[in-house]
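Labels for the chains are A, B, C and D, by order of writing; each one numbers its residues from 1.
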Amino acid sequence: MCRWLAYIGEPRLIEQFLYDGPHSLCEQAQHSHKAKLGVHGDGGGLGWYGKPAEPGLYRDAGPAWADTNLRELTRVIESEVFFAHVRASTGAANLSVNCHPFRAARLLFMHNGQIGGFVQLRRQLLSLLSDTCFDQLSGGTDSELLFQLMITNGLRDDPDHAIRKTISDVDELRRNENIKEAFRATMALTDGNTVRVVRWSSDQYAPSLYLNQDNGGALVVSEPLDEDISKWTAVPVNRLVRLELHPGGEIKVHSEPFLVQNNGDDHNKL
Amino acid sequence: MCRWLAYIGEPRLIEQFLYDGPHSLCEQAQHSHKAKLGVHGDGGGLGWYGKPAEPGLYRDAGPAWADTNLRELTRVIESEVFFAHVRASTGAANLSVNCHPFRAARLLFMHNGQIGGFVQLRRQLLSLLSDTCFDQLSGGTDSELLFQLMITNGLRDDPDHAIRKTISDVDELRRNENIKEAFRATMALTDGNTVRVVRWSSDQYAPSLYLNQDNGGALVVSEPLDEDISKWTAVPVNRLVRLELHPGGEIKVHSEPFLVQNNGDDHNKL
Amino acid sequence: MCRWLAYIGEPRLIEQFLYDGPHSLCEQAQHSHKAKLGVHGDGGGLGWYGKPAEPGLYRDAGPAWADTNLRELTRVIESEVFFAHVRASTGAANLSVNCHPFRAARLLFMHNGQIGGFVQLRRQLLSLLSDTCFDQLSGGTDSELLFQLMITNGLRDDPDHAIRKTISDVDELRRNENIKEAFRATMALTDGNTVRVVRWSSDQYAPSLYLNQDNGGALVVSEPLDEDISKWTAVPVNRLVRLELHPGGEIKVHSEPFLVQNNGDDHNKL
Amino acid sequence: MCRWLAYIGEPRLIEQFLYDGPHSLCEQAQHSHKAKLGVHGDGGGLGWYGKPAEPGLYRDAGPAWADTNLRELTRVIESEVFFAHVRASTGAANLSVNCHPFRAARLLFMHNGQIGGFVQLRRQLLSLLSDTCFDQLSGGTDSELLFQLMITNGLRDDPDHAIRKTISDVDELRRNENIKEAFRATMALTDGNTVRVVRWSSDQYAPSLYLNQDNGGALVVSEPLDEDISKWTAVPVNRLVRLELHPGGEIKVHSEPFLVQNNGDDHNKL
């Protein structure tokens, strides 16, 4: 399980979100309130869009709270769209290639959740990948594999469809194999223009996800960065939210049900 | 603040103490019960005595719970005397040279505690070191500096005196500089034959320390490795304990008051 | 390409082979004489047999010449059978999981060489693995994949056959895919009792391999550790050599042709 | 000994200088032509000026040629003034805090060279530091100590004087202590507006240094990035060169003798 944040809006220095305030992302890494695992010390990462079309990427397997390079980067990098992530391994090794975000050309992806029974399902899931996507895999996480499955399923052409199809296919395989452990996913995807976030679970325990929108930008987080409850809105479960940055700086937020047919083991409710 | 364990006795595989049981050292690293800082993810280390007179040493700045090399070593190394440590930095950087134990020729040292006002006192403390000890420093922790001060003060010839003189001198300097923060020390030292542990604080909040002695060996730990309270004895505060391994395998334990004159800011009681 | 050494014989401290002498393994890491790549700074590793049946393993992705933990371990570990390796990546990332030796239960494997066209062949090669072996893969090197293919092919029951079958199968696939780059392999395998080394290439450029046998032990190395040519014997190409440690300390060396049918692109001669 | 490059001019992506061309900085790291040590695998670093007054800083102790984070950063960071460095340790440990560049508020510093007899002189040199500068030291290199000595000597107010005084003082101490090994320095300093480079040695073997100036910018390097000799000018020994970026993009280069009084062990000539 992990903690992450995704930002879209007017250019902002990243540092404030990772280090400032009572419950910044790096504070959450040591003392999460809402995660099953309280400690997220198994690596951190940052993806951001600047002048080149392909986003910048920084990942390190050490604890984010002690990562001086991460701190430095966030102090000088200002960006309109960025993803940040702190990791608590659910099995894959502590290696930089297993840290989020993952990148494919212009796309970034990050995730908090878990495919139940992943060890058992992994080889079958790998067989679903296109050759190109198979060759792009560099680590052993279920998250990276989900991302490459989405690309195989057409993420670049029809992202909403590709995301839905991937989650459905993986969950179907999980159920066919009689895996009892749930499949839970809070994911963020972007091409630098639109940020998509999904909150979904095969059971009723979807990981938490919150949205905070102000005049200049929108922030989606695994858990709120401070105690001011009024400004953080829970993203409903079984939801796909699109955040678009329009010329002039306006953020348009569109939210829709994620999977019309409930794939849930149970009620897919909050 | 840190968590550590020191063992002396019949040869045992190290793995069990770091990974087995409900509250092993690496479990404590993620979820300490008794430490001010619940997470000890800023490095780990191991020192052990084998055939060579100088102990082996392994230290890494990553979280001990995810350190596959540490796990491997503990699986194959069996030793009569070993120290293991997980670190939560109180300021010095996450670097292997700042991880415990520290070694000087045949000696090992590790520590949980803190010199109050260390940043302010550091240059004065360094000036007390012999040239040889000054040159041996490789990191920036107060712990390593304490160790080199003890060596400067004759640790090899009269360890009890050197330990007492060092703690007294440092605390006197601290009080002369009107530092309000306490000086707290739970330390372990060994030459491979005798293990010395100290539990002391300038105020009444000495860090916890427990002893568990069975037929074959003695274990001193920052906090118990399991819930079986009956076998863990708290080391009293203001105490120097010597554990000696005698031929035939008997462990002799000698405990004495540490500093006869109370240097405490307050009552030096439990 | 890499540099390695394998030792079998009376117990010896490992340090001397990695750090002493004019052309020790860590010296080779910086200034190889015989390798295509002069610098082997992409990680190092050590596997050794002690009391437990499963060997100890230490691997790190940094340059071996600067690895203080590696130095420490070799200073205290004495062993009858050990493998040491310094890596120059031919593509796979600098990660500890890509460092040699690789271990599977009681077995160790290390390699210098390269499967020509590995990126193109990788997915097909993976499909040849048993499910168990597929799940054991933790990195992305051709070396680890070769090792797991050998296990799939019966390495535990009939090692000579499994090694031959694996090399033949891989090379056949390579030729079927019209890969022009050669497949070259100098490999070492052991279960802690017998060390097998192979020197083979699909073309005439098999990587170098030398044997040095004295009263107490035998050492196989990618290149000699010193300039005393008289004591280093080149292992002939297309050769499988078995080194067995017999009770009483005698080392029996058996050498036989490796692949009777020449799979070579060319003459498989020195 | 190390290899470095310093750039000032119109904004450029950093990647080209570190990875492109026949003898880029990361190529030099593996196969230097002009350095005493051919391999520079003991860490790398980058400092660059962007919007904030304080430059960004990235440093890692692994080999620069395999550092995926460094590669990523150079791919997206465009800057008017940046420093890049690959390290070959002359003694200090492979730690990120020992990697160049070093930063103090708005200033960056990097170095190739060595204070002869540094181990012997270190404690005396440290005693020359102001308390503030002493507290800023985070590693054990002679380079970082030189930088903090310059700051102690007024680098922010009168950089030319501070640089000269520091080199003179250190060299005087070296000669007073009868150190035979030379003091050699090729250094770069900047505040983000002016880059100063120095090429100097106490003997006749000053490390190499080259300048390449084109329409848009100026580059100073330890050794040329390609074979086109016509565009690389050797910086004469005993020289202080100032490169200033003027509004409109013009680079003004001013070169003057560095130490009027020759402190050399010998002739300080090319």
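As a working rule, a residue touches a chain if its C-beta (ideal position, glycine included) is under 8 Å from a C-beta of that chain, and two chains touch if they have at least 3 such contacts.
Keep in mind it's a predicted model, so treat the numbers as computed, not measured.
Novice: Could you classify the chain A-chain D contact as same or different, where same means more than half of all interface residue numbers appear on both copies?
Specialist: same
Novice: Please tell me whether B-C or B-D has the greater number of C-beta pairs in contact.
Specialist: B-C
Novice: How far is the middle of chain B from the middle of chain D, if each middle is the mean of its Cα atoms, in Å?
Specialist: 40
Novice: For chain B, give me the residues that contact two or more of the other chains.
Specialist: Each of 68, 93, 96 in chain B touches at least two other chains.
Novice: Which part of chain B faces chain D closely enough to touch in the complex?
Specialist: Answer in residue numbers: 93, 95-97, 119, 122-123, 131, 134-135, 138, 140.
Novice: Sort out for me which residues of chain B touch chain A in the complex.
Specialist: Chain B residues touching chain A: 30-31, 38-39, 41-42, 61-63, 65-66, 68, 89, 93-94.
Novice: Please output the residues of chain A touching chain D within their complex, sorted ascending.
Specialist: Residues in contact with chain D: 50-52, 54-60, 68-69, 72-73, 75-78, 96.
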